[in-house]
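Next come two complexes built around subunit A: one with subunit B, the other with subunit C.
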Partner chain A sequence: MAAYLIKIAQYWLRFIKHEFYFKLNAWTISALVIGLVLFLPMAEVVWHLTMPAESWEHLRDTVLGQYIKGSLILVVGTAALSIFLGVSSAWLVASCKFPGRKFFEWILILPLAIPTYIAAYSYFDLLDKLNPFLIWIRLNISTEAMALVSDAIVYPVTIIVLASVLYPYVYLVARAAFIQQSNQCIEAARTLGHGPHSTFWRTALPLARPAIIGGVSLVIMETLNDYGAVKHFNIPTFTTGIFRTWLSIGDLPGALRLAACLMVLILFLLILEKWLRFGAKFHNNSKSDRPFKPYELGQIKSFLAILCCLFPIIIGFILPISRLAYWASQTIENVIDSNFLILTANSIAIATAASLITVLLAIFLTFTSRYFGSRTINATNRLAILGYAVPGAVIAIGILLLAKQVNQAIGWIMTGSLSMLVLAYVVRFLAVAWQPIDSGMERNCEQINNASRSLGVTAIRSLTKINIPMLRNALVAAGLFVFVDTMKELPLTLILRPFNFETLSTKTFDLAQQAQIPESAVPALCIIIVSLLPLIWLNFQIRNTEK
Partner chain B sequence: MNVLTLKNITKSYNSNEPPALNDLSFNCQSSEVIALIGGSGSGKTTLLRIIAGLEAPDYGEVILNNDTLNSSTVFVTPEKRDCGLVFQDYALFPNRTVRQNIIFGKGAMDDPSWINELINMTGIAGLEKRFPHELSGGQQQRVALVRALATRPLLLLLDEPLSHLDPELKESVRTELLKLFRETKTTVVFVSHDIEDATAMADRMVVMHKGKAEQIGTSNEIYKNPMNKNVARLFGKTNFIPIKLIPNAPYSFTEKESNEKLVPVRPHQWRVINDPTTDLPTFNGKVKSVINQVSHKEVEFETSQLNITLHLPTNQSVQADSKLTIAYNAEL
Partner chain C sequence: MKYFLKLSLGLSFLLCVYTSAAELNVYSHRHYDSDAILFKEFTEKTNIKVNVVKGSADQLIQRLVTEGKNSPADVLLTVDAGRLHRAKSAGVLQPVKSKTLRSNVPKSMRDPEGHWYGMTVRSRVIVYSKDRVKTSELSTYESLAKPEWKGRVVARSSSNIYNQSLLASIIAAHGKDKALAWAKAVRKNMARAPRGSDRDQARAVAAGLADVAIMNTYYLGILANSSVAADREVANKVGVFFPNQKDRGAHINVSGGGVTASAKNKKEAIQFLEFLTSAKSQETFGNVNYEYPVKIKNNQSELLKSWGKFKADKVNLSILGANNAEAVKLFDLAGWE
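Then we have the complex of A and B:
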């Protein structure tokens, strides 16, 4: 036992010596500081749990149960429906031959351009049509019965609305997983007597499971982050609870406790995701493998496949877009004015600034971690990218707490400034830029960075002459994704924006809150159009890669 | 003069597993070519990466030209070591032309005539404006070599330099490499799993097994006097005959596990004996099987105590289940 403990102690001493003595330089120190600073807002939320919260017991006894119930129903329902829509359409376009398959292949990702709150507004009158029926129940049965029926309707509708625009997260990864699957495995299943149906359930789906879990986890994070849609449908969730407790009741400690509960829930989900994907090597990159040969579908099956692919596009893209376009054509003259141009410029300017800074930080952090082989920087990077898993409302609270402390320490007033808003976007979306850059660097730059080090070249020369030119596509993709996410972001912008600073997303929300949903269609459409451009670019990139 | 000295290099990746390198030491003289040879998992690439500075050892010292590069308190980063490294898959920068690749290293532009000389020596003149993907495997390898040599490193490290080449090309590249090393008076440490490559190119070889240097010496020394079964088997099939059966054998080693003295006998060191009065040690037994090879017949032979593999000339008539007397001839 003593020998074992000595061995462990020696291991850690060596680790500390290598990490904090041998690998210490300006790059690693800067990366360490940046990584920790970007994690600070999340740490602030957890740290402030020690603050007394007088109303916590009241919150716990009255609304906490509702928030948990609301969040869980939405998460489970949206995840299940997203899996159904995403996996079924992915399997059809990846493995079956039917008319329009190529067209569906890329059009199925378009709902991703529509933010959840805009999807909700586009269906705003759906529930209104049920009001006479609910009133009839209240008058003829009871108020409780009406509430019950109302819940029974509003939850499924919200789940359908959320899943209709979030399923592409599952679709994209599932399709890629099905395409990359070893043809030999599929052919082996077929020679063992399994038809398409059985091959899907017993071979293709289990092989694609890790990828699908990754996609579903994104759906869950987005569902938990949503504020606009759940507020619109009046569903109690953690995010609406945080807003209500803090901004309406003015109880910051209570809101912090709710935020911490949400973080615990997310942490649980992340651990669950890791556990479900642990140690799995479900793909085969054998170069000798021939490409997947799609199943030929007959006329009836082709018709059903087309219907199956059309359904998510209709509810997730065509219907919302056509309704928004109709309303926009009716209200455009009332909405477009000089103020609208200013808020459009605001949106573009702040999204550009956020994406540039985020991409620069992401490449610096990734490069430093990989180039110097520092496990400490890798760990702080992992902490820094946690922001994407944490809802915007929680990050906003963390940033405000951090700003308060900065103000107390050095007298710099960050609160209500654009720099604070940009910092919040960086914290929230660093992972979006980090993922493509890190995987690109792992795939393309690991060995050549070693080569450049052995040639005596400095780190900055390796970064600028080798890594950045080689990662050009990944950098563009990272920048575009952060740009679009910033344009769409709502809860964080609502809380942290400077006084009188409007963006397209806040304008859409404000107009919708004032029951001017037709008017909100114009800024909403602007967001969607901007979001569509990178999706089209991404689609071309995926096609080129597959070729 | 020692260019490279390794002292007690130890490296573990996981405290629960045996170390990847275990107390390994050797020296490398100026202009010497050393091969690190061993099976997969023997630690040869790890050792190469430690010398290059891409990994840090847990213990031990790396000294290059009297400068300590690794010790308990020193770690010189790869870019500050004077070691050129040629990777197994060459690691050429795909976004740079051949010439840009070659002059990328620190100080590579200080002596353009040296670069031109290297380019001419390796026969890649005329390819300078091409990108790596426009070159064949052999051309890529030469570019990687020139790139590494352009900075005039004290020590050149090569990771499996011939593993990507087909057998025909391999032989000519081996000769070219040796010529280049001799002409440039470069000190070289290279990794290989192929004993033929190591024998053809190296002045000395370090035979590695499970992170340890089992034997260091010239290929001839190691071939004739292997320290144990593993080392002997590197050179192909070997019979291990207890010394009591061949008391006059010129060499034997003691096997650690059984503490038994064994004589390594190569399959071609046997011959069929018709004359029972020979002075050579003889063995009587039965032929188990005969496999025809291009240059010889491989015979599995069984005595009352041993199973022996022997190679016989193709014109020698031998049948399965026939009885034979064979003799060991150390001179063969």
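Then we have the complex of A and C:
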């Protein structure tokens, strides 16, 4: 026993000596501090869980069940529908030959440009369109039946709205997985007498499963983060519950406990995802030298394939965009004024600032962790990127708590300043920039960095002369993603925006809240247009690399 | 290190909003055209620039709490006495004494200690389908809980403060248990799960989905004067009924404002509230946003006159605030989403 303890102590001593004696320098210290500061808002939330929450018993006994039920119905429904839309269209464009396939291949990702709350606004009257049907039930069956149907109908409608703009997360990864699949597997399946159907079900789909699960987990996180759409359709979920408990009941600790429940739910899903993906390591992963031969479709089947690819684009892009465009054309004169130009400039400026700072921090953090091989920095980095899994509303509360403590300690007022809003965006979206930069560095720079270090090149020179030029594409992609996510972000911006400061997303929300949905179409379209540009760029990049 | 500290302090000062003498910083929940017009008039008249942060009142109050004495805000404007009371008990408002304000605002429409003053009045009424409902069927809020209204009522979410204040007034009139039973029964009588705005409730009644809606008066004014023909049609199809005229009167509420505890421009802030409660400004609220003036009898708007005179519930509005959290919990218990 004693020997065992000594062994552990020795291990830790070695670890500490190794980590701190050899690796403590200006780089690692600043990376450590930055990583921890970015984690602070989330730590604040966890820390405040120990506070007594006066309404917790009430919440637990009355609405907690509803929130769990509402969130789960939406998550399960949206995930299932996204898988259906994303996988079916991905399989068609990856494995079949039909007219317009190249066109569908990239246009299927466009709904990604529409935030969930704008999708909800563009379908705001969908439920009202069902009124004649409900009134028919009322007149011909009974008022009770109508009340039951109208209570339940809001769930499928919301699920359709959410999935119609979130399925591209599944589509993107599924398509990439199908294309990269070893053609030996597919052709082996064919030679063993499997037709297209059983090849898909028994070979292609199981092989793509880990990738699809990755895409679905993004869909789930976006669903749980959504505030605007569920608020619009008045579905009790965790996000609406957090706002209600914090602001209506006035019980912040209670709201934080709800946030903690939500975070536990997300953590559970993330672990589940890791666990499900783990199986992937046993699959055949050898790259194919040529893509497998696509199935030639006959006329009728081509027609069906086109319909199948058209459907998600119509409900996720063409319909919302054309409705928004129609409303915008009606109201543009009332909405566009000097204020509108200012808030557009605000949106672009703050998104630019946020994406620049996020990318700079992401490259600094990944570089420091990899170049110095520091496990401590790697760990703090992992903590810092957790922000992406935490809903915007929770991060905003964490930042407010942090600001309160800073204010009490040194009288430095942070609320209502742009710097705080930018900090919040960095916390929320660091992972978005971190992911492409980290994987790019792992693929391209590791060995060169080792070589240059052994040749006595300084860290700063390695970073600026080797890493940054080599990662140029990854950096641009990272910056664009953060930029778009910031433009679209709603709950966090609503809570933290400063004086006289409106962005396109808050303007859209405010107008929609005032039941001026036609007017809200103008800022909504601006967000979508700005978000489209990076998608087009990304598509161009993918095309180039595939060639 | 010292240099760094100084630099960061300096930078933070630059980044934070600083205030100068001829400016007034307003946190406002109100997002109506009438306010923009009045703020502009105020600036023209006094040469004081009005900076506005719009947001939901609850968030603005939380923000005032977090910012503490360093808050840049001078005035908080919001709808609903429940929220004004919440702001007062959160300690973000300060008592103000002004003869003008006291004569502009009747006693029941302001905080006894002067923490907040009412600015406009709205009533939460029953709106009914002219085709399917006779006014003789209607009487009180309480009667909407009766089984004959099964599947005929629509109302918005209980997250909405107007509903919370209505239930708070019922708690004040009948006590907790009866209020809970009322909320449960009305929820059971609903034609659909609560959702949408007050305007959507009127639309549902006009479409034939339900027969009566619980909603605020001024929304009907907005519909009647809408640029959209379908909305004007909705306003034509429904009527306004002021409930409880034979007992305590129709539930009313105010929107109002107060000077923040941290106000750096207190004098200008008081001037601002005096301006908003002046007779002329009160008329603008009525004409542009279809709200009643705080002195309801002084109403000049033709549309509001057409709905007729009514008896208003005289319960002290700060009680609505005191009962608010209880009302939210009762809604939770009643299953009214």
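Quick note on the criterion: the second predicted complex is superposed on the first by the 509 of 547 C-alpha atoms of A that agree within 3 Å, B and C clash if a C-alpha of one lies under 4 Å from a C-alpha of the other, contacts with A are read in each partner's own complex, and residues count from 1 in each chain.
Assume a residue touches a chain if its C-beta (ideal position, glycine included) is under 8 Å from a C-beta of that chain, and two chains touch if they have at least 3 such contacts.
Quick caveat: nothing in here was measured; it's all calculated off a predicted structure.
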Combined model on subunit A where subunit B meets subunit C, clash or fit: fit
Given the touch rule stated above, what does A:S454 touch, subunit B (first), subunit C (second), both, or neither? first
Please indicate which partner A:P469 is in contact with in the superposed arrangement: first for subunit B, second for subunit C, both, or neither. first
Which partner chains sit in contact with A:P498 here, subunit B, subunit C, both or neither? Use first/second/both/neither. second
Which partner reaches more residues of subunit A (counting touched residues only), subunit B or subunit C: C
For A:I29, is the partner it touches subunit B (first), subunit C (second), both, or none of the two (neither)? neither
Should A:N234 be classified as contacting the first partner (subunit B), the second (subunit C), both, or neither? second
Would you check which partner chain A:I6 touches, where first means subunit B only, second means subunit C only, and both and neither mean what they say? neither
Consider the C-alpha centres of subunit B and subunit C from the C-alpha centre of subunit A, and write down the angle between them to the nearest 10 degrees. 160
Thinking of the overlay built on chain A, is A:R14 touched by subunit B (first), by subunit C (second), by both, or by neither? first
With both complexes overlaid on chain A, does A:I249 touch subunit B (first), subunit C (second), both or neither? second
On the combined arrangement from the superposition, state the nearest Cα-Cα distance between subunit B and subunit C in Å. 29
Touching residues (chain side subunit A, partner subunit B) in the complex: 7-8, 11, 14, 18, 21-22, 373, 447-448, 450-459, 465-466, 469-470
Of subunit C, residues touching subunit A in the complex: 9, 12, 15-17, 25, 31, 51-56, 58-59, 62-63, 66-68, 70-72, 86, 150-152, 156-157, 159, 161, 164, 190-197, 199-200, 203-204, 207-209, 324-325, 328-329, 332-333, 337
Touching residues (chain side subunit A, partner subunit C) in the complex: 55, 58-59, 62-63, 66, 127-128, 131, 134-135, 138, 142-144, 146-147, 150-151, 154, 233-234, 236, 240, 243-244, 246-250, 252, 400, 403-404, 407-408, 411-419, 494-495, 497-502, 510, 513-515
Could you pull out which subunit B residues touch subunit A in their complex? 12, 15, 52-54, 56, 58, 75, 77-85, 87, 89, 91-96, 104-108, 147-148, 151, 157
